[in-house]
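Next come two complexes, and both contain chain A; in the first it sits with chain B, in the second with chain C.
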Partner chain A sequence: MSSELAIETQQLRKSFGAKDAVQGLTLAVPRGSICGFLGRNGAGKTTTLKMLMGMTKVTGGEGRVLGLRIADAGESTEIRRRTGFVGEDKRFPWSITVAELLRFTRAFYPRWRPDLAERYRRAFQLPPGASAGRLSKGMRSRLALLLALARGAELLLLDEPTEGLDPSTTEETLQALVSLVAEQGTTVFFSSHQLAGVEQIADRICIVDEGRTVVCDALDELKAGYRRVRLVFDGEPPALGFETARRDGRTLSVLARGNADEIVARARAMNARSVDVQPLTLKEIFLESSKGAES
Partner chain B sequence: MSEADKMLWYKAWTETRWFFWPGMTFLAASGLALYAGYPDDYATRFPNGAIAVSAEQVRALLHDGRAYIWLSWFGTSLLLGLSFLALALASTGLVRSPDSGAAPGVTYALSMPVSRRRLAGVRMATGLLELAAAAIVSSVLVCALAPTQGQSFPFREGAAHVLLAVSGVSALYGLFVFLSATLGEVSKAVAGGALLFLYGTFTFLTSGVRRLSVFRLMTGDTYFLRGEVPWLGVVACVAVSAALMYASLRVVERRDF
Partner chain C sequence: MLFPPNPSSGVPAYRQLIDQVRHAIETGALRPGEQLPGTRKVAEDLVMNPNTVAKAYQELEHQGVIEMRKGLGAFVARAGSRGGDLVQKAQPVLRSAMERMAEIGLHEEQMRRLFESELIHLRSRPRGE
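So, the complex of A and B:
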């Protein structure tokens, strides 16, 4: 396994009784990248993040975070020392205040950044004396983010970090993540259903469906590989032999996955009247990638 | 002790103090009430006997205030108060419900660079220390106030009774912690309370196994009546407590959150 990778999994599996939540997930996230982790509800994103953090036991396969084995209890503790985490469950005990939680967390992280903690506490308008458990959903998300960002971590594992945040705070959060990567070389691996935000900051995308990796590639290469080819014929469109083709009257729409040139060439050979090749947005790529399991 | 260790203990304290303070206050108030309603005739206070002591024994015993303090405080109020406090403190564990898996804040705590064994171990130890503190402080209060009614309950004897009460409740606490680790929130409380009730009733009412009653050990009857500390019972309770808490740690270590 490579030391250039912040996260690397091979055939990672997790079963809960008879249910396979993750079945053979293979990921490679380079250090210093911002990687969006996408998938429909129940695709296995949260379970994967919990396995990376040692909260959920691995059923099979192998995984390393920052070069450390996730299945080894001692190495898992070291992973958590060097990683900031925002989980899906952002509840805190009502018995502890924001200030107490900050004081508690700081003690475990030698690289804790008090300047960042104070900056985000003010920016996120978190009152130090407030009970952490009684904060609103959005405020709890802000607190969870603050606690992860101020750890001085080499890696941030974030499960829906902007869940419940207003657009302004979402934007602020996304910019904070970009700044951390630029200033400290932090790696960010985050799941989100807000694809516009993911497309805005991620340089790498991993899409999972039914616990399996569908795609894990640089965003630019991913977008370069996907094209929508619209072909208009004078009469009934001929069968081009592509599984991803959809017919609509005299128009044939074909999803190209790295084979746009081949599709165009074949369409011209079939006397297509017009050929239009368009790039896909991340949302379209995501919807196309997770369509297979749906049907 | 490192700063991180101090913070672990501090966090465990912040999460249990909301049960500790009311429990402690209740016990202290019960101790004060003992003297506020001091009876003219002790024997009328326990017409049906008390835990581990029959009505006949009560009538034979209650000829002085010392016996009244023992029966009222060590044999009843302290025993019941500590048992319920143990149940409440055990409910602050890492596992809250079978569905959501973790109690609020546990996902966050598990993201810290601390082993589960240490995390859960500190929480369990904090609960035990709080039980001991509640027993000691309230019993010292009871012993110290005895002279206000012209009575005496020596601190040395009080200390022996506290030892018995704490060793007994440690076994109950271990049982509640184990149930908390293996069952969900509602079922834990119901199962814990029901088990305790059944066990207590059976061992108290059945003469052949009365010596196995943890409640009987907690009353300290053998010490009060015969001056004998039941060391075997103390060791057994502490051993059971340790075994159940170790088993709970193993459950927590293996559990998916």
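So, the complex of A and C:
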């Protein structure tokens, strides 16, 4: 396995009793990238993040984080030391203030960056004297992110970092992640349902569906590969032999995955009257890739 | 000078940045010898991926549009890029074709789709037909 990868898993599995939460997940996330981890609710994202952090046991397959084996107890401790994690549940004790929490957390991390902590505390507008447990949902999310950002971690694993945030706070959060990557080469692996934000900052996308990887690729490659080709014929559209073709009257709509050229050439050979090629947004690619149990 | 790439255009973000820089040079917003903002600043200002910005700058350097000077950053190349000249030569051809299309009554979006499908047609020609 290569050390150029911050996260690498092969056929990773996790069962809870008879239920398979993750079944054969294969990921490759290069160091220094910002990777969006997408999937429907219950697709296995949170379970995967917890396995990577050693917070839940692996049932099968293997995985490495920063070159360290996730299933090895000693190496897993090292992973947690070098990785900042923000889970779904962002709750803090009521009795502690923001400033106290920062001082308390700092004691655990030798690479703590007080300058970053202060910068993000101001940017995220977190009052030092506020009681951490009484903060609003958006402020709790920002505080949790601040604690992960200021640790000087090599890798950030974030479960829904912008969930419940308003558009301007979302933008500030994305900007904080971008500057961290630009300044320190940190790798960011984050799950999200906010595809516009993912599309904005990620250079890599992994889509998981029913516990399996369906896409794990550079965003540019992904978007370059997918096209929707709309063909209009004079009569009933011919069967062009593409699985992803949908007929609607005289129109044939074909989803191209890296084969738009071939589809267009074949359509022209069959005398298509009109050929339209349109790009897909990340949202459309996501919807096409993660159909869950319905398909 | 630079603005956030449009995610729904179908053109990769780094390509859009390249086009923006080239356009800025063509319009004189950026002049030969002038410095471009650093990749980190662009990434932070536009809230986009720093690797994407770096990729755009590398490609621009490769095309001879900008020069990277060690420790100083990126500068617009003094010798104007030949790619720019070619584009300038081709522009009237496309403009007259587009004016004809507009006369026929094609909308902007129809032209864009037609252009993309013809690009694919051009790429597939040597193999097909």
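Note that in this section the second predicted complex is superposed on the first by the 293 of 295 C-alpha atoms of A that agree within 3 Å, B and C clash if a C-alpha of one lies under 4 Å from a C-alpha of the other, contacts with A are read in each partner's own complex, and residues count from 1 in each chain.
Everything that follows uses one rule, which is that a contact is a pair of C-beta atoms (placed from the backbone, for glycine too) under 8 Å apart; a residue touches a chain by one contact, two chains touch by 3 or more.
The structure presented is a predicted model; accordingly, all values stated were derived computationally and were not measured.
Put chain B and chain C onto chain A via the superposition and say whether they clash or fit.
On the shared chain A, the partners fit.
Is A:I207 touching the first partner chain B, the second partner chain C, both, or neither of them?
In the superposition, A:I207 contacts neither chain B nor chain C.
Report, please, how wide the angle is at the C-alpha centre of chain A between chain B and chain C, in steps of 10 degrees.
Result: 150 degrees, to the nearest ten.
Which partner does A:Q175 reach: the first (chain B), the second (chain C), both, or neither?
second
One more residue to check, A:D89. First (chain B), second (chain C), both or neither?
Touch partner of A:D89: chain B, not chain C.
For A:L5, using the defined touch cut-off, is the partner it touches chain B, chain C, both, or neither? Pick first, second, both or neither.
neither
Is A:V264 touching the first partner chain B, the second partner chain C, both, or neither of them?
In the superposition, A:V264 contacts chain C only.
With the two structures laid over each other on chain A, which partner does A:S33 touch: chain B (first), chain C (second), both, or neither?
Touch partner of A:S33: chain C, not chain B.
Counting only touches as set out at the top, which of chain B and chain C does A:L146 meet: first, second, both, neither?
neither
Minimum C-alpha distance between chain B and chain C after superposition, to be given in whole Å.
26
Show me the residue ranges of chain A that touch chain C in the complex, using the header's touch definition.
For this pair, the touching residues of chain A are 32-34, 171, 174-175, 178-179, 181-183, 196, 199-203, 219-220, 223-224, 227, 260-262, 264-265, 268-269, 275-282.
Over in the complex, which chain B residues touch chain A? Could you list them?
2-4, 6-7, 10-11, 14-15, 17-18, 100, 102-105, 107-108, 110-115, 254, 256-257
Within the complex, which stretch of chain C touches chain A?
Those residues of chain C that touch chain A are 4, 7-14, 39-40, 43-44, 47-52, 113-114, 116-117, 120-121, 123-124, 127-129.
Once bound in the complex, which stretches of chain A touch chain B?
Its residues touching chain B are 16, 50, 53-57, 73, 77-78, 80-81, 83, 85, 87-89, 91-96, 100, 103-105, 107-109, 132-133, 144, 147.
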